[in-house]
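Next, two complexes with chain A in common: one pairs it with chain B, the other with chain C.
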Partner chain A sequence: MGEWRYWFAAQRGTLLAIAIFVVMFLIYILNHPAGFTPNVVQTASNKAVLLAFVAMAQTLVVITAGIDLSIGMIFLLTNCLASWLVLGTPTETAFGVVVVLCAGLLCGALNGAIVIYGRLQPIVATIATGAIFYGLALLLRPFPGGSVNEDLADFMTGKFFGVIPASAVVLAAVVLVVWVPFSRSTLGRGAYAAGSSDVAAYMSGVPIRRSKFLAYSLAGLLASIGGLFLTFFTYTGEAAFASGNAYTLFSIAAVVLGGVSLFGGKGSAIGAIFGALAFRTIGDLLFVFDFDPLWQPLFQGVILLIAVSLGAFALFRVRNRLEWFL
Partner chain B sequence: MSVQTFFRMEGISKRYGGVRALENASLDVSAGRIHAILGENGAGKSTLIKVMAGVVAPDEGRMTLDGKEISFGSPAAANDAGIVCVFQELSLIPDLSVADNIAISNPPTRFGMIDRAAQRRIAEEALRRAGAEDVHPLALVKDLPLSRRQMVEIAKALARKPRILILDEATSALTASDVAKVFAVLKRLRSEGLALLYISHRMNEIAELADDCSVFRNGRHVATYAAGSKTDNEVVELMIGREYSSVFPPKPVRTDSAAPPLLECRHLTWTDRLNDISMTIRAGEVVGLGGLDGQGQRELLLAFFGVLRGLKGEILVEGKPMSISSPAAARDGRIGMALIPEDRKTEGLMLPMTVRENLSFASLDHLSRGGVIDRKLEERKIEEMVRLLAIKTAGLDIPVGSLSGGNQQKVVIAKWLMRGPRIILLNDPTRGIDVGTKQEIYQLLRKLSDAGAAILFYSTDYDELIGCCDRVLVLYDGAVKRELVGDEINEHALIASALNIGDGQSVSAMEAAHG
Partner chain C sequence: MSDTTLTGFTARLPKFVRRDPAVATAFACIVLLLLVGSLYSPSFLKVDYLLQQLKVASFLGVIATGMMLVVLLGQIDLSVPWSVAVGAMMACAAAAYGPLGSALAVPFGILCGVLIGLVNGIGVAYLRIPSMIITLATNAVAQGLMVVYTGGFSPQDSATPAMRWLATGFAIPGIPNSVLIWALIGTGTVFLLTRTRFGRSVYGIGNRERAAYLSGIDTRRIVLIAFAICGGLAACGGVLLAGYASKAAQSMGDAYLLPAIAAVVLGGTSILGGRGSYLGTIAGVILITLLQSILSVMQMPEAGRQIIYGIVIVAMLLLYGRSPASR
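Presenting the complex of A and B:
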């Protein structure tokens, strides 16, 4: 009993995000003309998985009490790169995928190096590197174009056994291969520690710099997985400035929705993924209820505000006003 | 007596900007001994320890461990050499669990991932060794009260298997029963051959624990002597370098007045922390709050100051019922209340901001006209306060965080005195500050009460309650257990009522623990 209480307290943000998503998704499915079919789930998964990857990337940086405003641009840059490289024979395609992932990792590592060793504020440093990444993307693809290995793309956006959406499986696999080991490693612990209190972490002999560097680098890697999926969906590369910025901002919204504290040190990528899924479901909800598309952004904003406020309900129960500020 | 010195510091100097924090300091550390370091705040004790623990690099001097010269680039390097420090500023990470914190510097891993079961075992073992079995390893550090956090901090240090364990004011927030446990642990460690460095402003703790004492003053090492070879007065004279007169100002003789009490509460109840408390304070009176830590003293002060929601009962000021809904309302002219908080670093000061800004924060409404701050008036008020409290600072425009602990505390007090409050609530205001500053604060309190202020004063230090207060209310489990007046206020009565017991045997056990 006592044990469960501590576990529940630690996972509250994540559980709340899952609950919000489940409720929204149920409303969506129950009102969908086709109902709960593999195709509907596949479409939903494919729509949400891009933001889920980018939000996961953002989580890693936010945990260290930083923020990555270049994340959407890494996503675009790797999309443009993939539209040149992820082509041809299976070997060439595999090589292309590896190069794209390495490019993402490198972008993240650059951010990390500037923030940690250059001691610049993350917000400013990543605005600058984001502009650089966008510039490179534009050089790669001045006009939308290119192509991708369509067999791979169709496989990744299709269904396993005709039921399970492949994109959701890949997302789960990435969680298992990247997030779980990270969060349970010494360096992952260091990232949380640095985000929660960097002075205490330093005094405790935590490897702060390596931890943060790893977090930023892995964020770049995760964004590039998102970039690959974008290529799989669109079959092209496009340096779309507005889209890159939108992904950056939505990733922050998804992270907050997922119970990750922007002050650092608290939250999980799994929460952020469900935050991203919930965020995407907002758009779908408006679709099934046949809203005029003109109203979409406004309603999306209102629903987002309500969802984020749910996390603040705990404040109404506070009896000691000093706890408002903790 | 075989004394093996295995760690030695010689000729250590360190300056911060223009200020010499340490000058040609030396220290020998021996296995199996408890070595107390004494000195006022700003005497260089903290810097000395930071040098040992690898937090700051000295400008000059050398350190040897087992005869080999060493230097530390980081706290981690010092830890690896077996030097572990329990810092006064807690080094715990608030958002991580107790077990995570205890194992933070070297967590057990399996396949490159942290082995949570093994970590849990290490944490439980360390908590048991520190005598803190009541702390759950999965609790988040930020949810623990200060005294529990300090126990976790000690457990964390023990988990690193140190050769030299440094305790810097490590017992300042502990309850008397915790202190007893920690002392038993420290004595066991000494018998196991550890070297312990113990820094405390509590003389009775040092008398009980220490084998050797070293005194520092103005960054210099003044004297080292075997514990017990000097009287308390001699030690204090070494520390402050001047004659030591009576610490506590005389208490005035009380005359009962017919005026209604300045502050009164009736049947104050809040959740399970405050339980039907009724009390009064008259103008010119210093009333103490005693009892073990965490018996509702802090909540009572917060209740008066308008911080608690859902409070039942009545608060009266000058006999008139008041509803105080926020600190802003409490400090308002009609009520004129001030609260000197427990944790000056988070609740009292904005550390990176300047001394000037911090001093005027609580009185901006008095200092401004139409929303614009009157610089001349501000300047005058600040000067007055700096003079009144004798705040030692290199200037008004330096960050308040760079002042010594005692001077920081003076800034917190000054910022509230600037409003000229009639009711002053203090939450353990002398914790972790030096003898000289303490004495100044006692005198200030008496001066304020003589000028007609009503003072409610919570302290974990029994000597303070005895020396300063006209009356003491002892709290137990959120209720007033006993009221002590005048000569009734003595250590025996305070401890007996704090423990809510009557029999003499346990009392003397507690007295032994407390010194």
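Presenting the complex of A and C:
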């Protein structure tokens, strides 16, 4: 009983995110003209999986009490890179995928090196590196264009056995390959410890620097998987400033909806994924209810504002006013 | 040994360099940029050109002034892009409502910016939401509101003659009005920061909000006011920009977030708050403007500009913006 309660307390944010998603998705499906068919699920999954990858990436950094405002730009840069490289014979395509993933990892590692070893504030440092990544993306694709191995793209955005969306399977696979080992490793626990209290973790001999560095690097890797998927959907590369910014913003919204604390040390990537899915579904609700698409940015902004304001309820639990000023 | 020579060396430097190496570095970089620029094109050192640069810098200067106040508190305002756009669009929108509307266009635009700032301030000061997050959210909401209002296109209303005069006119022959406005706002800010209780409180909160609160400062009110001023100044910058271009545009503010933060930080204001002078921000603004100007004279494409921007900011931060090592 006791064990179970602790587990429940630790996973409360994640469970809440899953609940929000299930409710939103039910409303969406019940009002969708086509109803619950594999095609509707496939479209929904394909749309949501991009944000899910970026949100997962943001989670890793947020857990260490940092933030990565360049995540959307890494996503763009890898999209532009993929539109050059993921082409041709299977071997060339595979090589291209590996290069794109390495580029993402490298971008994340650059952020990590500047923030951790350069001891700069993550906000300013990642805004600056975001400008660099955007510049590189623009250098690769001054105009939208390029192409991608369409067999691979169609496979990745299609359905397995005509039922299960492939993008959802890949998402699950990435969770199993990247997130589960990370969160259970010493360095993963170190990332949580560093986010919870940097000083205490340092004093206890937790390798906080290596932990944080790994978290930032893996964030770059996950963002690049998102960038690859964007290429699979659009068949092109485009350095669209507004889209990069929007993904950064939405990743933060998804992370907050997914019960990850922005002060660090709390939450999981699973929660963030469901936060992302819920956020996307909320955005799509407008379409099922036939609202003017013009209202979508405002609607998403208001949801974001409400989501971040929910954290303020913790203030009611504060007994000593001095704890306001952390 | 090297330590003693270093102290001997620093002791011989002029007083202002010792007191504020960041500001001195920024000014040195300005001189360097001017020299490099003059090698490229001889017109770089002409008075006309420099005044033109100052005029362009004044828009960024007004916006960066607000950003500096917030950064001094140890916070950040990421809602600047759409505060700028809201200020510009609302001022132009008011201009469509007859003579009364045109008369009130400038104050109305600024008021809308102040409202955005107030929402930010309430979120940061009273709800204790991290400033980075709440300002991103209000930025999204402001964008959504403007998209609904304009229908997703650039608004058709144009700037009033008064706005155009403020941005491009000459009240004193030879000196553009926008530079005068920046000078006025700058003087006001210096007075506010160095001579008033509010200013001392801002520095106090930036250093340690807990200590400021225990010393009897109503820290939440100060934070709220600072965010409101920041929003108002961003909108004021937007009004000037709209006057300069004689209309408002959808994403006119996007190009000002990074430069505003960069100008403040390059001017030696600590991003953690509590440290920095307005002189530094002036230096930062001029430095950024000159850098932009030189890159465009060199016909550097947008991609190269963004990369150089990012690298310059990271490099300058690594020079003097690092936090202390944990031990």
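What we mean here is this: the second predicted complex is superposed on the first by the 300 of 326 C-alpha atoms of A that agree within 3 Å, B and C clash if a C-alpha of one lies under 4 Å from a C-alpha of the other, contacts with A are read in each partner's own complex, and residues count from 1 in each chain.
Note that in this section a contact is a pair of C-beta atoms (placed from the backbone, for glycine too) under 8 Å apart; a residue touches a chain by one contact, two chains touch by 3 or more.
Quick caveat: nothing in here was measured; it's all calculated off a predicted structure.
Peer 1: Quick one: chain B or chain C, who's touching more of chain A?
Peer 2: Counting contacted residues of chain A, the larger count belongs to C.
Peer 1: Kindly classify A:88 by the partners it touches after superposition: chain B alone (first), chain C alone (second), both, or neither?
Peer 2: neither
Peer 1: When the two structures are overlaid on chain A, which partner does A:118 contact: first (chain B), second (chain C), both, or neither?
Peer 2: Touch status of A:118: second partner only.
Peer 1: For A:145, using the defined touch cut-off, is the partner it touches chain B, chain C, both, or neither? Pick first, second, both or neither.
Peer 2: neither
Peer 1: Let me test your reading of the model: by the given contact rule, A:202 touches which partner, first (chain B), second (chain C), both or neither?
Peer 2: So A:202 meets both chain B and chain C here.
Peer 1: Could you say whether A:127 touches chain B, chain C, both of them, or neither, answering first, second, both or neither?
Peer 2: second
Peer 1: Touching A:265, do we find chain B (first), chain C (second), both, or neither?
Peer 2: Touch partner of A:265: chain B, not chain C.
Peer 1: Have a look at where A:242 lands relative to chain B and chain C in the superposition and call it first, second, both or neither.
Peer 2: The second partner, chain C, only.
Peer 1: Examine A:322 and indicate which partner it touches, taking first as chain B and second as chain C; both and neither are also allowed.
Peer 2: It touches chain B and chain C both.
Peer 1: Touching chain B in one complex and chain C in the other: list those residues of chain A.
Peer 2: 199, 202, 321-322
Peer 1: Sort out for me which residues of chain C touch chain A in the complex.
Peer 2: Checking each residue of chain C against chain A gives 76, 123, 127-130, 132-134, 136-145, 147-148, 151-152, 208-210, 213-214, 219, 251, 254, 257-258, 261-262, 265, 271-272, 301-311, 313-314, 317-318, 321-326.
Peer 1: Which stretch or stretches of chain A touch chain C in the complex?
Peer 2: Interface residues on the chain A side: 67, 114, 118-121, 123-125, 127-139, 142, 198-199, 202, 241-242, 245, 249, 252-253, 256, 262-263, 294-302, 304-305, 308-309, 311-312, 315, 321-322, 324-325.
Peer 1: Which stretch or stretches of chain B touch chain A in the complex?
Peer 2: 55, 74-76, 79, 87, 89-97, 100-101, 104-105, 107, 109, 112-114, 116, 136, 138-140, 142, 156, 270-271, 299, 302, 306-310, 326, 347
Peer 1: For the complex, give me every residue of chain A touching chain B.
Peer 2: Contacts found on chain A: 2-3, 6-7, 9-10, 181, 184-186, 189, 192-193, 195-197, 199-207, 261, 265-266, 318-322, 326.
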